[in-house]
Amino acid sequence: MSDSLLLNILLLSPLLSATLIFLLNISIAGVKQYIYTFLALMGSGISALLALYISYFSYAENQVLGSHLFTWLSIENFIVEVALKADALSSFMILFIAPVSFLIHVYATGYMNKDKSYGRFFAYFNLFIFFMFLLVLADNPIIMFIGWEGVGLTSYALVGFYFEDIKNTYAGNKAFIVNRVGDFGFLSALMLLFIEVGSGGLSFDAILSNIGQIEPSMLSLIAFLLFVGAMGKSAQIPLFVWLPDAMAGPTPVSALIHAATMVTAGVYMVARFAPLYNLTLDVSLFIAYIGAFSALFAAIVATRQFDIKKILAYSTISQLGFMFMALGVGAYSTALFHMFTHSFFKALLFMGAGAIIVAFHHKQDIRELRGIRESIPALFVMMFIATLTISAIPPLSAFFSKDAIMSALYASGHIELFIIALVASLLTVFYMFRLIFVVFYSKVKQAGASNSRSMIYPMAVLTILSIFAGLLNVPEIFGGNLNISNWLNILDKQFFISHSDEIILMSVNTLLIIGVIFYTYKRYAYSDTIEKESEHSLVANKFYIDEIYSAVIVKPLYALSVIFDKNISHHLIDNTIHRLALYYEKLGVVFSYSENGNVRYYALYMLFGVVSGFTYLYILLRAAL
Amino acid sequence: MQNEIIFAILALLTIVSSIVMISAHRPIDSALAFIVALICIAALFGLVNATFLFVVQIIIYAGAILSLILFIVMFLNIKDENLPDEKNKNWWLLGTSLIVAPFGAILIDLIVRSDIAVNMVPAEGFGGIKDVGLTLFSKWVLPFELVSILLLVALVGAVTLAKRDN
Amino acid sequence: MTNELIALLVPGLLLFSAIFILLYGLSTSYTKEKGYYMTLVTLLVTFILAVSTISEKHSIEVLPDIFNSMLVYDTFSATFISLFLFGGFLTLAIAKSFIDKTSYFTHESFVLLLFSLFGMVILSMANELVTAFVALEIASMSVYVLVGLNRHSLKASEAFFKYLLLGSFAASFYLLGMMLIYAQAKTTNLDGIAEYILHTELHSQLLIVAGSMLIMITIMFKIASVPFGAWVIDVYEGASLPITAYMAGVFKIAVFAFALRIFLSDYISFEAIYDPLIIGGAVVTMIGGSLLAVIQNSVKKMLAASSVVHSGYLLIALASIEVSNQNAANAIIFYLFAYFISALGAFGVLSYISKGGDVLITFSDLDGLAKDKPLIAASLTIFMLSLAGFPSTIGFIGKFYIFTSAIEAGNTLLALFGALTAFVSIYYYFKVVVHLYFKESVHLSVDYGYKVSLAFIVISAFIVLWGGVGTSLLFDIPGINELNKLTEHSIESLGL
Amino acid sequence: MLQEYMILSIILFCIGVVGLISRRNIIVIYMSIELLLNAVNLSLVAISADLADTSGQVISLIIIAIAASEAALFMSLFVVLFRNKSSLDADLFDMLGSKK
Amino acid sequence: MSTLSILIFLPIATALFLFFIRINIQIVKVLYMVVTSIILYVALKLYIDFDPNAPMQFVEYKVWIREYGINYFVGVDGVSLGIVMMNAILMPLIAIALYKQRDKHGYWIHLLFVQGGIMGAVLSLDLMLFYLFWEIMLLPIFFMIGLFGYGRKNFITMKFNMYTILGSLVMLIAILYIAVQYKEQFGVYSFSLFELKNITLSSTQSILVFSGFMLAFAIKIPIFPFHTWLTETYRSAPTGAVIVMSALMAKLGTYAIWRFLFTLFSDTSHEVAPYFIALGLFGLIFFGISAMYQTHLKKMFALSSASHLSLIVVGFFIYDVYGLVGSSYLMVAHALSSAALFLMVGMLFERTKTHYIDSLGGIAKVAPRFALFFAFFALSIVGVPLTAGFVAEVLIILGAFNYNIYIGFITATTILIAMLFMFKVISKVLFGEPNEVTKDFQDLRMHELFALVPLALLVLAMGIFPNYFIKNIEPTAQFYILEKEAPKNDK
């Protein structure tokens, strides 16, 4: 089997299964559910296997797979090939995307069991994977952009999956629209890139090898615009507003799209353009700050949320903020590694939340979900491990990844970033354990349904991954050799930090975390503190960001629309035209007074004509003579 | 010189009677003033040796047409109270005169400016019936014939319009 | 047959036929049918005679010894004669239903129609002012009477009154002008005047300029240009429909025949003096006409008012005639044909559906006619499109020629103005279409009968379309090119 | 003499025009029209005398004939109008106007 | 008869034939299908035989009005090919989708007529011929709105008609003006596009004449501020007419910019391009934002069309190969999507008797197929990847950035603009719980699917394999660019 064929199959098998499911779904009513299950799992399963295979070879033999499908567009210099390339970065991406996708597929077969839109769901789901693969495997940014937009689109469809409730639809709309604002930046950046260096080819390699020719200010602009795209996709300030709302979708969707894969696309993109960002330090720093504020802001907001999925959503924003901080200071592989671990534990958290939701009659408010530990012990264990992971308790995976970020921040010399990151990470611990303690440690008890095995087993796999994934990139200090960083081989900025400093950092960090856990336990476990927390505080209302956006952007646009259509188009232009016509007719009426039917007046007009004609003639003749 | 004086008197008379014609309230007065004007014009014809035209003018205009008008006036038996009540007649007359004045003035100015008189001396018998007749039947036979058709048309038309239903 | 013979035969036949019907009408064996068909046959025969002489360029003086060079028979006059004989024929043919349903089309009406055509024939051949005037008067007086034909109708009488009064008024201007020209040029022959103008300076042409202006005013009166055309709506409305059609289509052509001849032979020397006047006239005519047309409720009055606008277009072309370039004259002839066939058709349709009544045909009377009588509605629509100058109709080609010639003469703005009035005219012409097709029918289905009238309406509609797209590429029927060639020959024959 | 004649004729013409427009009585209007024609005739005859050419007189003869035919039509007009409205007031006949 | 003449005259001749022959409506429909299918077949053959690299093909030349040098002169190149194909494809599909709804002879006759008219206008290379078709294709629409429209149809069809004719008449004068100029410079009249472009005009002249042409096109497209006929007209027009107007006739306006203005006044076009780019961009945003608050589906889609057409105008006036190709591509792409959307709005109206989005909702639940297609076409208007619109928008944005970076940014807002309203439509119409109006909504019938599926496939194909289609347009665009850049020989 040739290598390019492997890539093609990897990419197209989800598409094929999506198409098949889709066609079955729209053309034949009452298809047996297992057919869909089979198709969906085949699609994602094949690609997961292939992804593992390809990544392994990339890792082990450093080989770069490529595949050229066809020419998408070729106009003058603008030659866009539909080409796939699995270099280290891409391979790394598919390494976790494909398996996690597959696991979530399996999970979803349980979650969506007996749902009447079962087929539709998996059609979208597989389509999403296709676009995600396209995004990470594309060899040029235009095709990447197609994948980029495609995941946004499928995300839209999946968020609004239960469209009977119009609110879900609006959440989907919001997701897509905000994403598109980011895409606006991304696309603009691509266009500028092409104009600057497009004549040398549009593949990533060609572009990145030519960026030296671009003048710095333009380069900064491009870098900034690219990051605007990332902001949208990865839900960073100010374009984060869609993500919490996107929780309206079925939980597997949240797990897959809004935790593990799509939202990380921004990180991937920035890493992909690492050579560019290395040249634009101003923009990089900007990214770091945006990441920092996002991390802090989301963490603060998450502390006063009650919806279990919303908490996780804000947590995602916050974690993405960490990644961007790392990216901003140039620690690309560190960011990528955190993304890697994050995808496991965050997916796990979401799946756990989903399992809870399914088990407890679709209740999502943590105040109503109290005391459920006894009825779902396995879930509790997995959720607890995941929470520990996200809190970066050593030696769980996130410890390695988050610690690397903290060290990089510290070493980069931006202490303010480091402090923000620290605070955010402590807040993370706080809100996550708030969730755990409120839900599982309660005096009240309630019983729920049990979850199907198809839901539990994938979670178990992810639990294991969450625990051990960190081992793939153990830093030197623990005797590791940073396997992943080396494999990725991105132009990371090198930070020097002494081992003693690093150990101090780690220990202080860990101690603080444990302290926070205890504080949280005191505050929430077996207590009613949660009931006393207001839903109307500034934080609970996310600092009124949605309202501000609505007042600043949506409402003015709407008002503008009224002004444009009513006042300008209708009143100003159209009425002027109507009035002109009306005046013409009125003038006709006025003129018709001359046609009064009296013959003497008619003769008088003739006389007027004669006299004025002669006056003219006389003046002319006088002049001529 | 004598001719000029006669011309002046006749011209004045013509103008005065024309003005009377257009301003008289009753049509019968107008008609009588018009007769005077027509006769003056006939005399002016005579003054330039147009003897045949002089006769024709008297016969056709003063005789035929005017009697036709008078006949109509009588026939229709328009009483004074049936006459239009022309309250603003004088204003109209004045206004129209003012409007038409530039037209007349311009034409008169143009006529004065143009030196059109050639002052040929007429031959013997000029303007007599024979002279006119010869010209009419040599040079102007076509218009003449056409006029006959025109009269026929007028006749047919008048009959068509004025005849009673059977 | 020689051209001279035809030149005599055509008016002669008309005259003979007129007098014959006049006398025959007194006989008891006379019926309306007979009179109608005699007239029709006369027109057909004379038309065929005239049309046989239009194919080539020629120009002769008719009996120059007897008529003293007062009549000229050239392609120009042949074309015009064919045009209005055809027009008269078509009017009468379409009016069949109208004539049958009314009582006032007595034998005199046919006589007068023939007389008026006779007058027009002479007018288009006249090469001398007095002859032309008498011919014009023959035509006019016949038409005056035709207007007032329906003696019992107050409207007709009033129209007759206005037309007669104002017509006489205008005629006196003609006479005054003729007198002034004669006073200076010492001749009334067009060629003689042209010669005089050619050999003298402006200061000895003053009276000719003034006189020509007065004659032009008469022409403007006859073609109903603002401000001399105030009569037109009233008179068109008062007259019965076939007569209105006749006036709008045929009579206007005859007047233009003379106007063009006099313009091309004499006035053209004063082009610089008259152009601004004609342009001014064209502008006010177009504005005035379209202002009046938009407010009308009666279709007939709307058509009348719009005929004023069409006169405006003709004036545009008239103003665009230049010494060096006489394309505009071709344009006028073409446009006259275009207008006449369209207007005739439009009035014809109205007369066809009016059932001979004296009632106004308002727009709402046309409501929903298309459902009932699709053929009539389609024909009327075609006529409206043509009048509006919509492409694929002859009216468009006419406008095209006029605007082109105007631009060629440097009157681009005038052409633009013409286009804008054409734009306004879309409103009132399409209003008819709207009523025909889009409004619900209010009256019951009526059988109009008279397939002959209908046939001629449809034929006219086809001519309108053929004149708009027709080309000998498709069938061997004379189309735009041939018409164009004809107009060119006509104008060129004036110089022969 | 020619110019004087022509000036007189213009004056008469103008008077005729004034009468035609200002007066409401149709008979007077008709007479004004006749006056217009006579004014023209006057000049033609004068021109004829000046040129010593009878053509001018012939033309005026023709004009007189035309005037006669006009007269015929006007007479019938009077009859028709009077029959309809029992009046010869020009202002009464305004039913065809387009005034709104 | 040769290919192009068949395309133009077969529909017209059939329409005329059907007008005079009163036959059963079923036969009319069958005949309609037969004729439009023949046209489609001929057009496809044309597409296959089309040689992308040859300048003007299938040229036919016959003398029409000799005296004035007006000829029957038609030909096809990369620019016109797209509209020809759209015309050929859409017409049978309209019939398939609507054949049950419309039982009036006139409907089909007018559609045939307009097909021929549009073919003629697109293929004409003689200005008078173009003008002829440009005007007569108005008539069927005028009649269709008047006969089968809704609301204040009479007023609106008149307004539309007059508005358009105003532009046309001014254009007529402009055409005549350059023809006369040609005559003065070369001694004979000619209305042939390729001869007229040799004339030399002063800059004032050429700007004035340019404006004359542009007015007509601007009204037809419409460009701000000549758009006020648009919403009302679309709202009142029956489905067939709306499709023809939005998918074909409006595109003719933009097509004509390229075909005539760029050929005749390439310098002037270049000079005034900034103004039209500005106007186009303003229109893009203006119409997009105007559409936001609409509740009437057709009005909203009308404004959406206007917004996209403004984008097309921007693309053309950017006047580089990306702009030209992108705009031509968008013409076709938008034609497909908007035709399908209006078709579906028509189906919607037929089923629910309403056009107001507020009274709709929940259709996705009762009619999933309908919802699917509706959402698909709506999204293709928004320009999501894998649809044709995306390709076109990317190209236009690229051209815009190439032209000027600020223009580029404003142009790029196009990917935001359409969303402002499109998502509102999708949500309100398709999603939520079905209400009284929509609870018995019938899903797409078989024949409707037959009409929509080809459109959807074509939109997808054009989005996924754009190069296959663009290779037919690009050489023509390149040709124009070369011509623009080449200095005029006699100046």
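As written, the chain order gives the labels A, B, C, D and E, with residue 1 at the start of each chain.
The working rule: a residue touches a chain if its C-beta (ideal position, glycine included) is under 8 Å from a C-beta of that chain, and two chains touch if they have at least 3 such contacts.
The shown structure was predicted, so the numbers you read here are calculated from the model rather than taken from an experiment.
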item	value
Chain labels contacting subunit B and also subunit C	A, D
Chain separated most widely from subunit A, comparing mean CA positions	B
Chain closest to the middle [Cα centroid of all protein chains]	E
By count of C-beta pairs in contact, the leading pair of chains	B-D
Inter-chain centre distance, subunit B versus subunit E - centres from mean C-alpha coordinates, in Å	71
CA centroid of subunit A to CA centroid of subunit B, Å	102
Centre-of-Cα separation between subunit E and subunit C, whole angstrom	42
Euclidean distance of C-alpha centroids - subunit A vs subunit D, Å	96
Residue numbers of subunit B (touch at least two other chains)	96, 100, 103, 106-107, 110-111, 113, 116, 118, 139-140, 143, 147, 150, 153-154, 157, 159, 161
Per-residue overlap in subunit D, given as positions that touch at least 2 other chains	2, 6, 13, 16-17, 20-24, 29, 51, 53, 59, 62, 66, 69-70, 73, 77, 80, 90-91, 93-98, 100
Two or more partner chains touched - positions in subunit C	130, 134, 137, 141, 144-145, 148, 151, 160-162, 165, 169, 183, 186, 203, 206, 210, 233-234, 292, 295
Chain-to-chain touches, reported pairwise for every pair that qualifies	A-B, A-C, A-D, A-E, B-C, B-D, C-D, C-E
Parts of subunit E lying in touch with subunit A, wherever the complex brings them together	225, 227-228, 231, 286, 289-294, 303, 321-322, 325, 361-362, 364-365, 368-369, 372, 379, 384-386, 390-391, 394-395, 397-398, 400-402, 405, 408-409, 412-413, 415-416, 419-420, 423-424, 426-427, 430-433, 465-467, 470-471, 474, 478
Residues on subunit B engaged by subunit D in the complex (per definition of touch)	3-4, 7, 11, 14-15, 18-19, 21-24, 27, 30-31, 34, 37-38, 41, 44-45, 48-50, 52-53, 56-57, 60-61, 64-65, 68-69, 72-73, 76, 78, 82-84, 86, 89, 92-93, 95-97, 100-101, 103-104, 107-108, 111-112, 116-123, 126-127, 131-132, 134-136, 139-140, 143-144, 147, 150-151, 153-155, 157-159, 161-162
Parts of subunit A lying in touch with subunit E, wherever the complex brings them together	26, 70-76, 78, 142, 145-147, 149-150, 153, 160, 163-166, 168-170, 173, 176-177, 180-181, 183-184, 187-188, 191-192, 194-195, 557-558, 560-562, 564-565, 568-570, 573-574, 577
Interfacial residue positions of subunit D with respect to subunit A in the complex	17, 20-24, 29, 90-91, 93-100
Of all residues in subunit D, those that touch subunit B in their complex	1-8, 10-19, 21-25, 27-28, 30-32, 34-35, 38, 41-42, 45-46, 48-55, 57-62, 64-73, 75-80, 82, 86-92
